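Below are two complexes that have chain A in common, paired first with chain B and then with chain C.
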Partner chain A sequence: MKAEDVQGGTRARMRTELLVSLGILAAVALLPAIVANEYWRGVFIVSMYFAMLAAAWNLLAGYTGQLSLAPAAFGMIGGYVTGLLSYHYNAPPMVGIPAAIVVSGLIGFVLGRIVLRLRGPYLALTTLSFAEIVRLIISNSIEITRGDLGLNVPGIFDHRLAYYYAMLAVLLAVQLGLYFLLRTPAGLYLRAIRDDEIAAASRGVKIVLWKTNAFTLSAAISGLAGALYGHFAQFVSPELGLISQTGIIISMVVIGGLGTLPGPIGAAFLVYIASEFLRGFGGYQLIVFALLVIIFSRFFREGLWGLLRRAFERARARPATAQAAE
Partner chain B sequence: MPCLLIDRVSKSFGGIKALDRTSFTVDAGELVGLIGPNGSGKTTLINILSGYLAADAGRVDLDGRPTGGLRPETLAALGVQRTFQLTRSFPRMSTLDNLLVAGSALGLSQEAAETRALELLEDLALVRLMHLDAGHLSGGQLKLLEFGACFMVPPRIALLDEPFAAVHPTMKEIMAGFIRRRHAAGQTFILVSHDMPVIVELCPRTICMNAGAVIADENTRAVLTDPVVIEAYLGEAAA
Partner chain C sequence: MLTLDLAINGLIIGVFYALMAIGLSLIFGILKVVNFAHGEFYMLGAYAYTLAGLLLGISPWISLPFAFLVGMIVGLIVERLLMRPLYSGYTSWAVMRDEYAVIVTFGLSLLLINLVDKIVGPYAYKGPALVDVTRIALGPVLISGHRLIAALAGIGVIIATGLIVRYSYWGRQIQAVAQNRLGASLAGIDTAKASAIVFALAGGLAAVSGALLANIFNPTPDVGVFPAIKSYVIVVLGGMGSVPGSIVASLILGVLESFGGVYISYQYRDTFGLVILILVLMFRPQGLFGERARDV
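Presenting the complex of A and B:
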């Protein structure tokens, strides 16, 4: 009886979250069968780029409580690492992509160290400054990066579908990786740090180590996403690191559900596809998402995933109470 | 060699001397009561012992090893476990996970941590709340949970800061019984409390602080009848 008791709760919840994530990714895998339009397939690929960034930011903000405003900057860094390596040294993607992961991870590690003792608005502002500095460095180092003109990046595949399934495979790997990470004690430590850093330290959680790990891993995943995006779009520019991009990533995570597995990736698709539809209306898309973020953080803190989960639970509870009443 | 040696530890906040050359030792297996009027420096001392504050002067040795400069997580790993006067927990994690954090961080395997957590939940009458987020627990239940977290791995020394505040008498009895049993099994404690009957019942030895200094340190009954101690408490009442 006891073993089952322990199995319930958090672990059961995480398993459900994993299954729903896999369901979302399965649906994404089937999407090209329905949508033959190349343009829309491209939209889905970019959605997957954002889904990776959202998952990475969720690890840092949702699970570890570190509200960094630099996720887009790490995507940009990843894109530029592989882009610059190929532009200057003809390095193939096989070299560029791993390099993007490592360099982004290292920069994430350093940023994590710098902001180690900062909380709340100070953390947000420092990471924001960091993001802007990196973007300005890239856009002003014209001899190296061609500045705002952007950089052409070689493609990897001949067909869009190949990119599509490569992105999907990586997104699946990221999602599975996060699931298995969060199931280990690391998941406990990160959430403990999020909830109360002082209490976590008093229980023996190595605060410095785990915060830095979260920053490093989140940055590495973002760098990977950016590198893949660069090869798909065959172009990177400082616009990848704009704060508005970070805004989109945050809105995806908040709308989907901070600190949940399926929420951010599901919402990445919803938000990015919606933004495609809203594109015709000019700059209103960002306002819509900003409003949604406010509404969700005020009224639905667990996001769409929280709403769904509660709806499931109510549906499951209803037959049970009906039986009990009989 | 004493388990804990506190040697002329001082700490000021601005003009306030919270600790003024506080000294005492605790031997392994002792259960020492720590009392004193409000603001006498008890919590400040616990904060220094557990690494949350650095002393301005003086030294603290744990098993003969100086602990100055060590981080709270390092001290926790060395076996200094504490509770907070203002209870701390992980509100968005389940009651069970709150305990598992401590178990895993101190090196228990996942299985061992679960077994241990279930025992503690059982002992502290929290079993039926184990999947509830700690943020939904009542004030007293949180006290019990934090108390339990200290004992996921038997600590070298447990520093309990007002563990009974806001706890129902029945649960208080359960906690007192828990402490008594652990003490009998050799566990070392410092127990901060304003609850004199519990101190009398549990602690063979009591230390009384006033204005950051130790004013009495002997067997509990003697301390509680010491005119200096009575004066300290009366002084507070008069002020």
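Presenting the complex of A and C:
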């Protein structure tokens, strides 16, 4: 197979993935027309927060192969940056949100430099420690952050629908941005690092540069998500950075499909909405997700999207082989 | 006498840390993965010990081996169902091997915490004390009887484990597989059995640690999270895969936290270990006693 074919194959596949993601987002855009309940609209908004975190973590873990255990910590950092700015300096969200992106991006850059040479379990341990340190600092700096009491954050809009479409627009921008990033050579570098770091380096991929870029970008997106969530919920607390939150983000990406565009965001909606349903039936949601994560990572490594794609390809291949047999 | 007090309390906590960390270290030695569900073995042990005492009314000295047994059985099940793909011929998995291990043990941790939360409930139970003596004078230092006896029991278990791993037939098989899996299998060692033994032993040790501490840190579904994080720090500091390294690092961390909590900052005592972990990985990734794998 020629190199161009591989390239073309991935491009066609990515285009399908983009179209499916756009389809998911279009469906989400139409949801408020069906669901008038304010509570459920709130649930969808929180799902979009998780979808952004899942997409950001997927860029790092799924496409670059850097399995960080700190995605929730960056969401928390973003929320606290804009929250603290408005609490102490009365800064408007128009200042707070960009500041959240920049600060979490910078912290992500530093973390990326620290873990540059670490792999697998060592990387997971370092990022986990980092996440816990950040959470402990925030919950113990009571004079600045009010500690575990949490921080009140001013809202941006008067109506829930405004938040809804603002979040959706950002999520769409993130998804499109990821698609175009992955199409460029940069996207190939990231995936090359994931598949074989040494081989990628030997072919001239600047490992240091692209690994830190992935960390920075992923952290900046998570920070943005956290800042938006903070303004929507009008409250941030150290609980945003708990390890269990990271667990939820990871389950979304693994169930949806690691290293695919539509998987994580589709699963973010499915998982979060399902968890709201299950909450009514005795709160078994986390047990179900944990089981799904184990089952998917053990038996269906490509996630829901991989299963769907394969079912679709099989359905398409069957008429073709029937023709060939004649 | 504050110094002596802090030192002894730190060493005692270090013993319980060591019980956790040895198992984690053995698992890393043999499979080269970190078990992110290690704290949940601790939690299961704490519950097994406490509930056996509360519901069946049996003596804590019988609940203790019972907790060990529970940890062992869960360890065996986990190894058989989830760890096998790491080494038994799934060649195409080689690339994502580490990621699989992290995700699947992370998921397992989430599962066990929430299962126990649903079955037993989120409330804390107080584990029974091993002895009724409330205060024992250890020279000039006063210490609770349970703490002292539990620490002594912990030391006994650690010594027994060390002897088993060092000298027994199975223990030497474990060492061989940890040094070189392929080489060991060429020498006729059943590497799958060695992995199963390691998981059973690690699960049992963590469970005993939880059981011994159940009187001090009352079991709740997420009681294992902090001991697990401590044991990650310890295996990194002591060198992944090194049992003596884990023991030394446990005692160091216990004493360091004990002193740091008084002389540096009480609020931030839980962050010291995490900072140590990051610094060690940045500047001395092999830890204090890290062993290098030998090639065939």
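By definition in this document, the second predicted complex is superposed on the first by the 311 of 326 C-alpha atoms of A that agree within 3 Å, B and C clash if a C-alpha of one lies under 4 Å from a C-alpha of the other, contacts with A are read in each partner's own complex, and residues count from 1 in each chain.
In this section, a contact is a pair of C-beta atoms (placed from the backbone, for glycine too) under 8 Å apart; a residue touches a chain by one contact, two chains touch by 3 or more.
If you're wondering where the values come from, they're calculated on a predicted model, not measured in any experiment.
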Query raised in the report: Now for A:173: first (chain B), second (chain C), both, or neither, which partner does it touch?
Result: neither
Report task. In the overlay, answer first, second, both or neither for which of chain B and chain C A:10 touches. Result -> first
Requested in this report: Please indicate which partner A:126 is in contact with in the superposed arrangement: first for chain B, second for chain C, both, or neither.
Outcome: second
Query raised in the report: Looking at the overlay, does A:19 come into contact with chain B only (first), chain C only (second), both, or neither?
Result: neither
Requested in this report: Look at A:191 in the shared chain and tell me whether it touches chain B only, chain C only, both, or neither; answer first, second, both or neither.
Outcome: first
Query raised in the report: Looking at the overlay, does A:284 come into contact with chain B only (first), chain C only (second), both, or neither?
Result: second
Query raised in the report: Can A:161 be said to touch chain B (first), chain C (second), both, or neither?
Result: neither
Report summary line: chain A contact check, chain B vs chain C, more residues touched by chain C
Report task. Examine A:203 and indicate which partner it touches, taking first as chain B and second as chain C; both and neither are also allowed. Result -> first
Report summary line: chain A residues contacting chain B in one complex and chain C in the other 195-196
Query raised in the report: Given the complex with chain A, which residues does chain C contribute to the contact?
Result: 28, 32-34, 36, 81-82, 85, 95-104, 106-111, 113-115, 118, 225, 229, 232-233, 236, 240, 267-268, 270-271, 274-275, 277-278, 281-282, 285
Query - Residues of chain A touching chain C in the complex - result: 61, 65, 67, 69, 114, 117-122, 124-126, 128-130, 132-133, 136-137, 140, 195-196, 243-244, 247, 250-251, 254, 258, 282-284, 286-287, 289-291, 293-294, 297-298, 301
Query raised in the report: In their complex, what parts of chain A are in touch with chain B?
Result: 2, 5-6, 8-10, 185, 188-189, 191-192, 194-196, 198-208, 259
Report summary line: Listed in rising order, chain B residues that touch chain A in their complex are 50-52, 71-73, 76-77, 81-82, 84, 88-94, 96-97, 100-102, 104-106, 110, 114, 117-118, 127, 130-131, 146, 149
